[in-house]
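In the two complexes below, chain A is the common chain; its partner is chain B in one and chain C in the other.
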Partner chain A sequence: MNRISDANKPIVIASVFVLVILLLGTGYTLATQGTMPLFQPKYLLQQLQTGAFLGICAAGMMMVILLGHIDLSIPWTLTAAAMMASTIGGPWAIPTALAVGLLVGLFNGLGVAYLRIPSMIFTLGVDTVLRGLMVAHTGGFSPKDEATPLMLYLAKGTLLGIPVAIFVWAAVSVVIAGILAKTGFGRSVYATGTREGAAYLSGIRTRRVIIGAFVTSSLCAAIAGVLLAGYSAKAYQGMGNAFLLPSIAAVVLGGTHILGGRGRYVGTLVGVILIVLLNSVLSIMQMPEAYRQIIYGAVIIGMLLVYGRNARITS
Partner chain B sequence: MTKMTPHVALNGVSKYFAGIRALENVDFACNRGTVHAILGENGAGKSTLIKIMAGVLEPSSGEMRLDGTKVEFLSPSQATAAGIVCIFQELSLIPDLTVADNIMIERPPRRFGLIDRRAQRARAEELLARIRCEDVDPDGLVRDLSLSRRQMVEIAKAIGKKPSVLILDEATSALTSRDVQTVYDLLGDLKKENVASLFISHRMHEVDALCDTLSVFRNGMHIETFAKGERTEKEIVRLMIGRDVEAQFPPKPPRKETKPLLEVKNLEWENRLKGIDLNIGEGEILGLGGLDGQGQKELLLALFGVLRGVTGEVKFGGKPGLPGSPAAAKKAETRVALIPEDRKTEGLMLSMPIADNLLAASFADISTGPFIDPQKARTAIKRGIETLQIKSGSTSDAVSTLSGGNQQKVVIAKWLLVSPSVILMNDPTRGIDVGTKQEIYRLMRQLADDGKAILFYSSDYAELIGCSDRVSVLYDGRVVRELEGDDINEESIVSASLNIGERAA
Partner chain C sequence: MKTWSARWLTQNRGFAGAILLFLALYITYNFMHPRGFSTAVLVQNSNESVAIAFVAMAQTIPVLMGGLDLSVGAVMTLTSCIASELVNGSPAQMLLGMFLTLLSGAAFGAMNGVIVVYGRIQPIIATLATGAIAIGLALLVRPKPGGDVDGDLNWALTNTVWDFVDTYGGNPDAGWLAPFANIPVPLIILFGVPLLVWLPFRRSVTGRTIYAIGSAEGAAYMSGLPINRAKIAAFTLAGFFAACGGLYLAIQTSSGNADTVQAGTYTLNSIAAVVLGGTALMGGIGGAIGSLVGALILRVISFYFRILDIDPLLQPLIEGVVLLIAVSFGAFRTLRVKNRLELFR
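Up next is the complex of A and B:
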């Protein structure tokens, strides 16, 4: 009973905070404009649509953080996938993006699992290399190629009145949550993240687990890149930069332990929604950018202080 | 002050770790100008004793007197200030600092508040010369020294503190023979300088050659102190073993020749395994004896596919070759399982649920495609819990909520779910209660009766005697003695462990 509340406590706290943000934001809009956009389905769906990019990145990031590692190559994996997709174009655009994700993930995984280079350094290096490759590829300008119709549809289309991007996010979520809860690979991720030595001595192929997690992370970044390129109609330099820190923050706010081993996917979902809503409330308030950053950072630190005080089971 | 006040005296000192007795009501004294050996089996309380003297541990009760004055050390530096200096088994040097820095680390010579490098170097040279290590460069990094040289630097560091009591805990085990001689000479000099040396060693001939007083410890109690020559080696071994209430062991079936399941010939690894030969048949329990750290752990890890660069001939079920990894070991034709030494870091994912820990080795067996089959998972968990009679509330509780004995049962159950033919166990009953120990003994015999081969190391001699069909005693990476039938007794195991030959047995 204790354990369950321990695992879910961050999720509950984050959910409560989501409600607090909604109420405060609505209080503000009622007082200033007499409307409550935060409770209009249309507005919320629009927020979730833009949240899908972050949500998909965070889903992949969570796999890596559960291992106690981190993937700092997400920004340029996302950008590279988007750029290569729009360069190739046609029906092969999306498979190309996924192939880029797969390659980067394999490379990250091999570096961390076999060369034993700390993931923070290795993925940072990979991110920089990818940036260089993309600048070389495009000459440093925004590529002229347009996103394909399918990419546009996935990012901006609607199905049954709901943005398709939300369906994509939901599909990715179902897959990740399924992997984590229902497959041997998922359980091995938790085991390896909790104690790699014990997992290895249990006959878990820990290196394959590490590679698998990094591949998942890069694939998610590639999918987010496809969507974002579709949303903006084209790929552009630095399009992934805004997703790295928020995706880590969403995972950790959702209760996943930054040192690995513990965390539930639902938490990451709540974490993403929290960050998206916080951002949109701050922009409704027309808060100057400087204060937005301060509040945003303070919220993350404050929430982690709250969690950090209860969750320390590691011996 | 009647006769002579001993330099260091412990009166009624006890130490408990989480309720478990490590030392009980120990009275111990040592005098200046002596070399005093402390003898005892693994876990007899020797290390706890010296840690209390050196200020690393505080006694749970009792007092310590230095020249008759009561002292209480809250830290090793206080003990050092009082003149008690310890050279620990685990090296305390910092690899990335120079030899001179390390030797003077606690109190470097200063000039204007800054470290006086020249004086530090000179002092380090002087100390190194004293232990005939002129070849060690005081400005070189400790990282670049061999293990033996490092140990010598450690000794130089200790003498640099000008101790009145010098404690050497297995300090000679890593030394080359030349350095060992230097240490002998040094102890002789220190004796003349009226220093009390306390010497812990498992090498009987060293104790014989060096020490003038011997104290035997057993089960956390000080058994006896006597002068050298008062007792024969045989008597000393008896004192070390003593008579204690033993656990009950299941009866051993009569020995019969069976098909060999595991054959090992001339197994070598780095300088820890130096040519191990052994074989185990179906239904046999082979015990590994010897003191801690004679290669038992490495042998088990090598057979489980963990170590790289192992050479020698190994056959599992007649098929040559070692597994390449634990994952390969558990899937091979002759499946191998290892119950590791430290269940908290190697055996279990402590913060994960009991269920996940039970299934950790058998995800492949309970999955359909990539997905875990919940039905199969439930059956497996139930089977594991029933076979081992694990007492737990809900299997979704973290395994850390279980008692030590039940945690160990989870580790064993996890491996039995894989249905291994060869089971390697590294001290499977360490730190668990007597009741669970007996359950594990019964289980081991039952597994053997089912045709499995068990190779286990235990630091508890009684356990080796009670459980094993045969015992191989390891010393310095080799099997020095194979015991069978009635030859398996405490005297023969202890004397083989100390490598003092048949004469003492």
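Up next is the complex of A and C:
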């Protein structure tokens, strides 16, 4: 049997667990209804379509976590991008959303890289400010503006029988995976995340790397916001709240180290699929919310006990 | 040779700043308030501050270790749900209920500690997961908001000492009581619990070890300090403080509510309060009393909206901007650094 390298072990175990979830869910549906929806392509595609929002958020979050930082501003970056896009409307809707993402990312990056405020607290503050801006902008209600036809198409349309949202997710994935694996910026991200001082002394402009990662994260949140607004036909208050903690969980379940420097994009992808399928199996079983939360937490702990353990600090 | 006070000031710059900021904000608030400096205002303000202050103190202890506890808000929610079931009946039953509530919070914290120490999982991720478990348990305990907390207890603990003595059959106008009669009970709880629990703990070997771990875990290990015991104790104490917040919230509102959003808000605000109170997120510097003051600052800012004629729609924005500016004061350190390498840690 081939030995699996350390970097790939989490990905393999998480993939096996995805299969276990599918088999358990199918066993349940066979026993109760005599059908197996989890192995029907149509059902799976539908699950992946709703998973695309989380997947895109997690892709951006991964860049920041690889640096050993964290981006808590994702919920309201997503919401602000979606709201501004539907307010502007027309052909400029999506560029507006991306511009919001770019600005928020630059601001986060400047605060963390130049002012050296811990990302945990700075992005939290930015999140609160964005919430305030959006409450002031909308009056605290869901804006009446509808999503543009292009946004609707991106979120709900199908191309060759596959939801367009999955193509968007795939495109984001290819870009992020390409950046991480093939570009100098990607290598700088890993180096800065491992030890910023050493990266700086090796000539990496670590502050620009940090800004770049935060911009990527906010842009991903903005794209997710555009899709989610298209999916629900409009933007609404608090639409991003459900994505923050699951996206961190997905990144970590995929084997990325929370203190930075280690992790592969494929892992994040598997982590997202794991969370999405776990959620859908639990909803098929009509599991009450209470048990869902408990299972969700237990799965994260259980998986990390298998492969996410740190070395002991002894010197 | 520096004097004692000058040395204290250089070592506790963040804490001293937080106290000054709080006093300035709160005294100004009372001058602007039409009924400022009155007992009624003080009672109301302290009631609204207890839960967040306890959760902030809970958050401090893992942060001092260089960790983070994302489950404090959820544990507070869980314990407030438990308290809403248990704290009623005869006085003995109520005391037992309060004890069980605090015990369950401490036990949950101990579980966090065991997972972090023996599972060797990063605290931030471990508590992210156990936070979900706590919310799940809270939903099991209390599927629908509501509850049945003793009305006398609610009245006695959310008013002044005078009302407390009055409720439980004492003579509220007794001469010896006069100097204390106007002190709000929540204020006594808020300062009494940390004085009795946190200050002795901080001076113990376990407490000092928490600071040592936050400064340099490897060095603490090499010095033979009880690392595992300190880590488990830190999370247990965090669970206990969160349970104090939950218990008070249940008594104050006479109910429990397994509200995920509320749990998340409390957790995030607790991090902000910890930073405002002068505790370093990297660990090793700070303390629970600072976070208490930090939480009070956050609350006073929200009190201002009631007396100032500000458009309610602008309130969240102002809150956010104030928070951002307050935490940005930490950036002055970067301006004083001579060698840029010192910035990277």
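Following the convention adopted for this analysis, the second predicted complex is superposed on the first by the 304 of 315 C-alpha atoms of A that agree within 3 Å, B and C clash if a C-alpha of one lies under 4 Å from a C-alpha of the other, contacts with A are read in each partner's own complex, and residues count from 1 in each chain.
Definition applied: contacts are C-beta pairs under 8 Å (C-beta built on N, C-alpha and C of every residue); 3 or more make two chains touch, one makes a residue touch a chain.
Every value quoted in this text rests on a predicted model; they were computed, and no experiment measured them.
Novice: For chain A, which side has the bigger count of touched residues, chain B or chain C?
Specialist: Of chain B and chain C, the partner in contact with more residues of chain A is C.
Novice: For A:Tyr200 in the superposed arrangement: first (chain B), second (chain C), both or neither?
Specialist: both
Novice: If you stack the two complexes on chain A, which partner ends up touching A:Leu106: first (chain B), second (chain C), both, or neither?
Specialist: Neither chain B nor chain C is touched by A:Leu106.
Novice: Quick one: is A:Val129 in contact with chain B, with chain C, with both, or with neither? Answer first, second, both or neither.
Specialist: In the superposed model, A:Val129 contacts chain C only, not chain B.
Novice: Between chain B (first) and chain C (second), which does A:Ser188 come into contact with in this model arrangement: first, second, both, or neither?
Specialist: It touches chain B, and chain C stays clear.
Novice: Mind working out whether A:Ala170 is in touch with chain B, chain C, both or neither, as first, second, both or neither?
Specialist: It touches nothing on chain B or chain C.
Novice: Please indicate which partner A:Arg262 is in contact with in the superposed arrangement: first for chain B, second for chain C, both, or neither.
Specialist: First partner only.
Novice: Pick out the shared contact residues on chain A: the ones touching chain B in one complex and chain C in the other.
Specialist: 195, 197, 200-201, 313-315
Novice: Which bits of chain A are touching chain B when the two form their complex?
Specialist: 3-4, 182-185, 187-188, 190-191, 194-195, 197-205, 261-262, 313-315
Novice: Residues of chain B touching chain A in their complex?
Specialist: Spelled out, the residues of chain B in touch with chain A are 304, 306, 325-327, 329-331, 338, 340, 344-353, 356, 359-361, 363-364, 366-367, 370-372, 396-398, 400-401, 414, 418.
Novice: Mind listing the chain C positions that touch chain A in their complex?
Specialist: It is residues 68, 115, 119-122, 124-126, 128-133, 135-140, 143, 217-218, 221-222, 261, 264, 268, 271-272, 275, 281-282, 311, 313-321, 323-324, 327-328, 330-331, 333-334, 340-341, 343-345 of chain C that touch chain A.
Novice: Taking the complex as given, what residues does chain A use to touch chain C?
Specialist: My answer: residues 72, 111, 114-118, 120-122, 124-133, 135-136, 139-140, 195-197, 200-201, 206, 238, 241, 245, 248-249, 252, 258-259, 288-298, 300-301, 304-305, 308-315.
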